[in-house]
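Below are two complexes that have chain A in common, paired first with chain B and then with chain C.
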Partner chain A sequence: MTVANYFLPGSLPEALGLLESNGPELLVMAGGTIAMPLINDGISLPRQVMGLRRADLDRIEWADGELRIGATATLTSLVAQDSVPMLREAARRSASWSIRNMGTVGGNLFAPPPGGDVATALLALDARITLASPRGTRELPLSEFWTGFMTTSLAADELVTSIVVPGGPGETTFIKFGRKNANTPAIVTVAVHLVRHAGHVARARIALGAAGPHPMRAARAEAAIVGTELDEAAIAGATEAAATDCESFEDAVASEWYRRRMVGLFVKRALSDLARPATGRGE
Partner chain B sequence: MASTIVAFRLCGRDVEVMVGPLTTLQSVLRNQLGSTSVKDGCRQGGCGSCTVLVDGEPMMSCLLPVQDVAGREVTTVEGLTPTEGLHPIQRAFLEANGFQCGYCTPGMEMLAKALLDHNPSPSRDEIVEALSGNVCRCTGYHPIIGAIEAAAVAGREAGR
Partner chain C sequence: MNLRGSHRFGAPRDRVFAAICDPRVLMAVIPGCEGVEQVRPDEYEGRIVLRLPGAVGSYRTHVRLVDVHSPESSGLEGRLEGSMGSVVGRADFVLREAAGGTAMEYSGSGTIQGPLARLDSRFAERLAESLIGQGLGALDHRLATEVTE
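So, the complex of A and B:
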């Protein structure tokens, strides 16, 4: 172990101070489920590490019609909340119980693909993230957070402190497809949020996980269904657009070709689920 | 490299260890406190053989800096075992042939303990889901699932 210091701040100001004084060399983690495997294997050799488990950033509260999730709230605590069914489902389908007891919602935003199931659901829900630094706080749409593979628009002196999920009308569906039913890396994750007026799709957000360098919206697929009654032709158009536009890749569980096929198939299934008459569907 | 003293509770007793920065709970349990039931399997959080309970919740001790559990209660299978005989979960594993080589067993039993504490009557599907992070390469899992089903029945009959 080459780590010189492990900091465990007890508050956000203390954490921000440590980040400022140690600079970008400081490795920040919360649940440790992404960073610790790399450190244990010697792939990552940080000199300075900061853990956020005691930084008092783990509250989940419903306020002003929005769900505010502390960055270090565990995935298990997201399973326990019942105000946003799609988030419960996305968290429930993530990793295993012991890992959900450790892994955090904020950390999930930094999970490289095929991780990031909760992040994908948050993207479909049009979440915003709150970033804090010694300079103050700012809010950013989650859609503007990722800039590439394992790169984000987070400044060197900033920490993600919370994730805000707007309330309001809408229907959602979430599908994670992997090789197993539980504790499985995604081949593709599809999260959809729709608002319909008089049977027509007024607004659509289709988010894809494990289909590119980070969770991303399928903009052309969304455009293909807006204004339609979510009929077969519209769904076929969205399916084709999502499969064509996704940035499929090969990993241990799926080839580039197969993953792209599955992106299309599961976008089709998600939209077809929503096209059926609503019977006890979430939200 | 500054060392730190960390105090926590292990299986009902107070312990104090001196550790280097970012030392894992797994390493401390095995190398400093003699809890060798906690296995050093993958160190990736992928096999579950290092599963312990922290304040009753299962966690992978290989991913957990020991400083993070300061002041908290850690339970390993050594703490599950009564002074005399076996815990009902251990007895159920024995009677149902819930292990062969035994490497995964301590992690499996701690997971089972947490599951039955949360849900005394889990369905087979709920047991399977709960065990999804704990790997066994011998049994094919069915005897383990059967053992947990039997332990649930035994626990309910004993009124726990």
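So, the complex of A and C:
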């Protein structure tokens, strides 16, 4: 079976209209880096496909103290922005040049683990996503977007239109560990965002990628360091909590046991990195 | 493909069992379900539309309840068939009365045929577990809502 119709809407209203008129069997594609391998391998056999590349959803704007990223902004364009360094690093560590040129930030939210490096960084940054449908627009915290492995709270008539990253104080670190240094699926991705007052951690976000059915926060690990000076005991507690609570899995690159061990190791490494004075971090 | 899992419901066992056998309830809780019809006393047919990243498709489903021991246990033999291939299999579940509700344990196995079979089986199992978890969660929520109404 071949694709019977390929739609290329020139605006969001046109895209929403096409989704409404064609129903949930319309395959929505942005960069195509998830869909095209499945289609080329004959696993996915859509009759109707809609590409969003010309729907005017690719802008990255800093306004009112927030970074608004259009859903079809490419990962390469995220590398080029300098407002949020952790997002630049997460995009830079994603896949290869060619994939980054095609792959989009919105698409990264749908990448099944071990994909989703940028999504993990966005989760640590308390990002919100905007969803549009003919019924209107709604915004929800990214933490409420995923419902399971490859499943989300996106309704059948909705599209992701943008991702909003709040500004504000804080320190961040991002580590992706894979079998190679570049162009590699993650064994684990750790993204941390901390706010400290008078040397004590006032607010902590620890997001893990490739350590469960979707990017997820390590809530007990966060609680283990809030109120502390990020000392060795606090870091050890967070490390233990993250390794215990993660929903490790086996795939072609790592066993369940090894992945869990690496979650603990790289949460420890990320927090230890932040515990050191800035001048000692090699930044 | 082999599956095994458990779920805890807040509702008593007889209500959980009855809900699993009610096509109206099944239609409401199965992810992407667009219709369920009871074609014989223990047989159901339906249609499921799954919108997954990179792959969308509709599937015809046929499920038959076998070895029914209400309200303790039952088996389900089924077939799910669509353009991306088919899954034929059997699942069994046991319901036990537990403090404040019902504990379910289930296991199942299936054979994937067609284009879907090219997926890594671990990948297919994780997807199936995710969809089952969502369906059981929705069933639990529905039963809890009915209790409080």
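The rule is short, and it goes like this: the second predicted complex is superposed on the first by the 278 of 283 C-alpha atoms of A that agree within 3 Å, B and C clash if a C-alpha of one lies under 4 Å from a C-alpha of the other, contacts with A are read in each partner's own complex, and residues count from 1 in each chain.
Rule of thumb we're sticking to: a contact is a pair of C-beta atoms (placed from the backbone, for glycine too) under 8 Å apart; a residue touches a chain by one contact, two chains touch by 3 or more.
On a predicted model such as this, the values are computed, not experimentally measured, just so you know.
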(request) Based on the superposed arrangement around chain A, label chain B with chain C as either clash or fit. (result) fit
(message) Quick check for you: in the superposed arrangement, does A:Ala252 touch first (chain B), second (chain C), both or neither?
(response) second
(request) Mind working out whether A:Ser96 is in touch with chain B, chain C, both or neither, as first, second, both or neither? (result) first
(message) By the touch definition at the top of the document, which applies to A:Ile43: first (chain B), second (chain C), both, or neither?
(response) second
(message) With chain A as the corner point, what is the angle to chain B and chain C based on their C-alpha centres after superposing, as a multiple of 10 degrees?
(response) 110
(request) Look at A:Val3 in the shared chain and tell me whether it touches chain B only, chain C only, both, or neither; answer first, second, both or neither. (result) first
(request) Mind working out whether A:Gly136 is in touch with chain B, chain C, both or neither, as first, second, both or neither? (result) neither
(request) Go through the superposed model and pick first if A:Gly65 touches only chain B, second if only chain C, both, or neither. (result) neither
(request) Using the touch definition from the top, say if A:Gly199 reaches chain B (first), chain C (second), both or neither. (result) neither
(request) Could you look at A:Pro112 and tell me whether it touches chain B, chain C, both or neither (first, second, both, neither)? (result) second
(message) Output check: A:Asn183 vs chain B and chain C. Expected answer is one of first, second, both, neither. What do you get?
(response) first
(message) After overlaying the two complexes, what is the shortest C-alpha distance between chain B and chain C, in Å?
(response) 12
(request) Find the residues of chain A that appear in the contact set with chain B and again in the contact set with chain C. (result) 1, 36-37, 39, 41
(request) Over in the complex, which chain A residues touch chain B? Could you list them? (result) 1, 3-6, 8, 31-33, 36-37, 39-41, 49, 51, 53-54, 76, 95-99, 101-102, 180-183
(message) Quick check: in the complex, which residue numbers of chain B touch chain A?
(response) 1-2, 20-24, 43-46, 48, 51, 54, 57-60, 62-65, 67-68, 111, 114, 128-130, 132-134
(request) Could you pull out which chain A residues touch chain C in their complex? (result) 1, 23-27, 29, 34-39, 41-46, 110-112, 147-151, 156, 213, 249-252
(request) Write out the stretch or stretches of chain C touching chain A in their complex. (result) 31-32, 49, 51-58, 83-84, 115-116, 118-120, 122-123, 126-127, 129-131, 133-134
